[in-house]
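Once you scroll down, you'll see the structures, which are given as structure tokens.
Two complexes follow with subunit A in common, the first pairing it with subunit B and the second with subunit C.
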Partner chain A sequence: MGLVAIATGKFLSSFSVFLFLTVLLMVVARRISTSVLLFSLQSAIITAEVFATGVRERLPAAYVVGALVLLIKVIAIPLVFFRLVDGLKTPRDVKASTTPTQSVFIAGAMIYLSYAAVHSFGQTVHVPEDALAAAVALILTGSFLMVSRKKALMQMLGLLVLENGIFLAALLTTFGMPLVIEIGIFFDILVGLLLMGIFTFRIRDTFDHLDVTKLRRLRG
Partner chain B sequence: MTTAINLIQALLLILGAPLVGGIIGKIKAWMQRRQGASIWRPYFEIAKLFRKGDLVPPSASWVFHFAPKVLFGTSVCAVAFVPVLQPSALLAFRGDFFLFVYLLALGRFFLSLGALDGGSAFGGMGASRDALVSTLAEAPFLLGLAAVSILAVHADIAGMVTWTLQQDVLKISAVHILAFTSLAMVVLAETGRMPVDNPTTHLELTMIHEGMVLEYSGPSLALVEWASAIKLHVMLALLISLFGPWGMASTVSLWGLGTAVLLYLAKVAVLAILLALVESVVAKLRMYLVPDFLGVAAAVSALAVIFTTLVKR
Partner chain C sequence: MILLLPLIFALLGAVFVLGFRDHRAATRAALAIGALEIASLGALVWQVHSNGTQQIGRYLRADGLSSFFLMNIAFIFGLVLVYSSGYLRHHIPEGRFSSPRWFYALVFLFLFTMISVCLSANLGLLWIMMEGTTLASALLVGFYNTEGAVEAGWKYLIVCTVGIAFALFGTIVLYLAAVQAGVNPAAALDWVALMDAVPRMSFDPHLVKLAFVFVIVGYGTKIGFVPMHSWLPDAHAEAPTPISALLSAVLLNCAMYAVMRYDAIVSRATGPGFPHTLLLIFGLLSMVVAGLLILVQRNLKRLLAYSSVEHMGIIAIGLGLGGPLGLFGALLHTFNHSVAKSLLFFGAGNVRHNFGTLRMDGISGMSRTLPQTSAALVVGSLAIVGLPPFGLFISEFAILSEAFGQARFLVVALVLVMLSVVFGGFAYHLLRLLGGEPSGVPSSSKLIPSEYTVMGVAALCLLAFGARIPHLFGVLLQEAIAVMR
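And then the complex of A and B:
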């Protein structure tokens, strides 16, 4: 058992590094479908982290949460997104307002910032520093995605990335919230996604595009 | 004994190079549900070209003859710096990764000169495009290697590999992932593979490397083809030895060397499959998007260097 615990501990801190990679790729992705696939991959990594925490801390509830993450974030949400992209019949590019190189530098600065923010905290509390920095970086890049992408769909995706970050931070610092609250949060996400999906259809029907920078006037 | 093994691994890189190209071609053919040519085809092709006569454009000067020899010579020299079977190389000294990068750059420079000297319009076009790609790829290449070198506190490639061998497989640092990402992108650009250049095309609008070698024939073309095969192989070997050297023989023994050879072949096969996969599913970038692609590589490698300050020693 000791060996398993050590292995999962190492896994926790090592695999969070791959989260940085998904974040960087997501920021340069040119198509909505690529970003959605990357989000799915990111959630899969987080699922693995949930299971690893469950093994290490011997929390059976973590398995339920992990299964929920797998079901909702890795499978359900990307499928919903693909159906939205199909149904909206909108051009497939994300319409970024920054060039890919600028985006990588901004995302890199955010990753650096998250390490700086976490550094003092990581010494007082026994938490893998890389993983906590990854959580903060997810929150920051999620909001960056929301700000810098013009398509309404990408703002939904940015919000989901942000939520992934918050979820990971909660998992690392408190070993997960109580099961009832987790289920509540997942339900929240699903309902929010549903509402936002309906809204994007309404935006498309009223304005004939999904570009939020052009939403300046009220229309009946 | 160590020197002998170093010599063997350099020869492995040089003589095995056409085989790597053959394997990639075979896998790509399978993915397109074709039978594909034999994996030994590049050898036959090079042998055939060596037996043919050299056709030289009437306008060409001595540079045209000289360029393929320089390209081949620099590629062979670059091979001497890369460890394959054991964490040491034929040539190793402080700062040799700079020399490695610029040996490859020198070869490219002379190939461009030769293409311009050939006097055809396609040669000039290919040369100017290649100059753009290689200029943009130089920064991420150097920075990616520098990041690993800072992390390892060794300035020679063999030293970096020795250091990496002593590390734990599970303890992947952010620097390694960033440096690997940027160097993998550089490999695609430097060796003229798919998102940047299509190695199989002779379509005038898109070719870069093929445009440059269009005027070459016979033994000169054989040297150019072999040199670019060596370049691909040595870049893959560099990726393997910097980011996944585990399994190299740390002591000289028959058992250790045997496993090292087998593991190396397996790793190259994995990379070849990945490369073929990328080439089968990814469309070639428009020429104007190539600077974006390499800009991302440069940004990632700059990040890798910055991140070395975060790693605890």
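And then the complex of A and C:
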């Protein structure tokens, strides 16, 4: 194992600490814009991890993917979110259904759970355990954000965090999927986000609010 | 080249139709392109039948299984398109994406993604296109822009996107297992390469099983397996009726197709025990829960939606049993269910036009006020509950015989009990709709030609398949089964 490989390995595991930090901050964030900034930061960390993997595995395709993540997740998506928040003119708080204390405890429990989950897999796939745990933690907190936040925009953000986790898991275990497939997945995310944006406007126009927990007409 | 034609026509159709602002012109353009589309699909199916698997590059391939599902798509799409041409005369809702030209354009886009699902040689591409089906149809589900439609559209988008994210994770895990076993990374998502590699190389069985769990939960969300079915009744009930028919009769089958592809790989890698047990569990659960919910429905289209969940359960049970008859029955059932469910949705669409509601407690005496629509609903219901002489009887009988043959009496008992519960539910709802004093005066009691043509074709098809499976169809079915072996 060369020096570069060891260095990037250390880099991956130490950067996962920052990922845990973004996760913990995200669940206590009160404003939508704070959460969006945290998401952008989180994606920036993941971009760095993509480049690190590219260096370690000598994969030129990884640089293309890294550039895509940087463009789409660090820059484009947060900008779209800010425009949505402006355009929708709704109150800017996230409307959590759990208190910040509860949220931190739940997120902490999820981080612990992710370590427990990846413990047996860490050896077989030869990746830093911390990094893999961070990926699982992102998936879990993404789902948690989706179910515990009432705003439609926060559900979209939770989905993106969840997607970040899946992306990170793919990156760590398989050094990414073939390039064409990665690009296709990015395209889907973008279009999906666009459609959700359209629907948030429609929800506001038809219901006069963005609280998706109040969408309760269809039952049974 | 012939492999690309259906994809090209669908995409061109979407762009072309957008150019027609006038309702009639858009309809005519859509019908013309639709005819080309169906012809090209037919040509492709024929080509696969006579010359074997067709492939272009590393990402597109049509084999027997794809062509069986393409045939299903082509037939139902044809019916839906003709029905839509009459249906859209009633409603021109307000909104940016709610106009006839957008309706047809999105339908063509939706069709494009579903055909691509069936033509994907690569499991990653298959995932991309499956997510594409959600994106293309979300605006169609929300087409009416009412409170219900917006809610259903949002729910559909969120639930299916999250569900399918799990399928992406499953795809990645399978890719990991393949790469670890020594498959060339460039080919590690190719279905044929995987089917080839699985018996020769040692795949980590834990990883393969983990992959299948995620895939069945993910694509199962789109199939509508209980407990991931929450989007399905809402979307089916709130979408315009032709779209409900497309969702129920084509989209669910496409998702089932994806699960079948994975099931074949995993069965080879770990033995059929694990994936088939999962399929049986999801199948039985869906059948029991949906069967019971059918009894308490108040909205006609929600009733039909739950019936779709139940039938997807039956198909999953057929796949889970495996064996020659199980697979045969499951594949045949995908087609039969599509035809019967489209017929029922077409009928339901007419009910909505005439009474302005789908709430069944507000409608009675329909046999006198709407005799033709009532006849269609009766034929469709008799078929959907699995009575002879209709096609669904044959496929359900095949699946049950397989279960008997394998001495799985618990499965047999549960299926039979639920079939009778569903029969009771349909009989109860239908009798209340048709009998009694007529409620309200329908706006137009006669069907227009486009409506009775598609309903007649669907009904005749159900009858024909109950009497005898057409020779060519049987051959195509056997070719599809051969791919899975």
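Operating definition for what follows: the second predicted complex is superposed on the first by the 215 of 220 C-alpha atoms of A that agree within 3 Å, B and C clash if a C-alpha of one lies under 4 Å from a C-alpha of the other, contacts with A are read in each partner's own complex, and residues count from 1 in each chain.
The working rule: a residue touches a chain if its C-beta (ideal position, glycine included) is under 8 Å from a C-beta of that chain, and two chains touch if they have at least 3 such contacts.
Just so it is clear, the structure is predicted and the values come from calculations on it, not from any experiment.
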| item | value |
| --- | --- |
| Residue contacts on subunit A - larger count, subunit B or subunit C | C |
| First, second, both or neither for A:203, with subunit B first and subunit C second | second |
| Touching partner for A:130 - first (subunit B), second (subunit C), both, neither | first |
| First (subunit B), second (subunit C), both or neither touched by A:185 | second |
| Which of subunit B and subunit C A:166 touches, first, second, both or neither | second |
| Contacts of A:63 with subunit B and subunit C, given as first, second, both or neither | neither |
| Touching partner for A:28 - first (subunit B), second (subunit C), both, neither | first |
| Contacts of A:155 with subunit B and subunit C, given as first, second, both or neither | second |
| Partner chain(s) touched by A:112 [first = subunit B, second = subunit C, both, neither] | first |
| Subunit A residues within the subunit C interface of the complex | 124-125, 139, 143, 146, 152, 155, 159, 162-163, 166, 169-170, 173-174, 177-178, 180-181, 184-185, 187-188, 191-192, 195-196, 198-199, 202-203, 206-207, 212, 215, 217-218, 220 |
| Residues of subunit C touching subunit A in the complex | 59, 97, 122, 124-125, 127-128, 131-132, 134-135, 138-139, 142, 145-148, 150-155, 157-158, 161-162, 165, 168-169, 172-173, 175-176, 179-180, 185-186, 189, 204, 233-234, 237-238, 293, 296-298, 302 |
| Subunit A residues within the subunit B interface of the complex | 7, 10-11, 13-14, 17-18, 20-21, 24, 28, 99-101, 104-105, 108, 111-112, 115, 130 |
| Contacting residues of subunit B [partner subunit A, same complex] | 168, 170-174, 177-178, 181, 292, 295-296, 298-300, 302-303, 306-307, 310 |
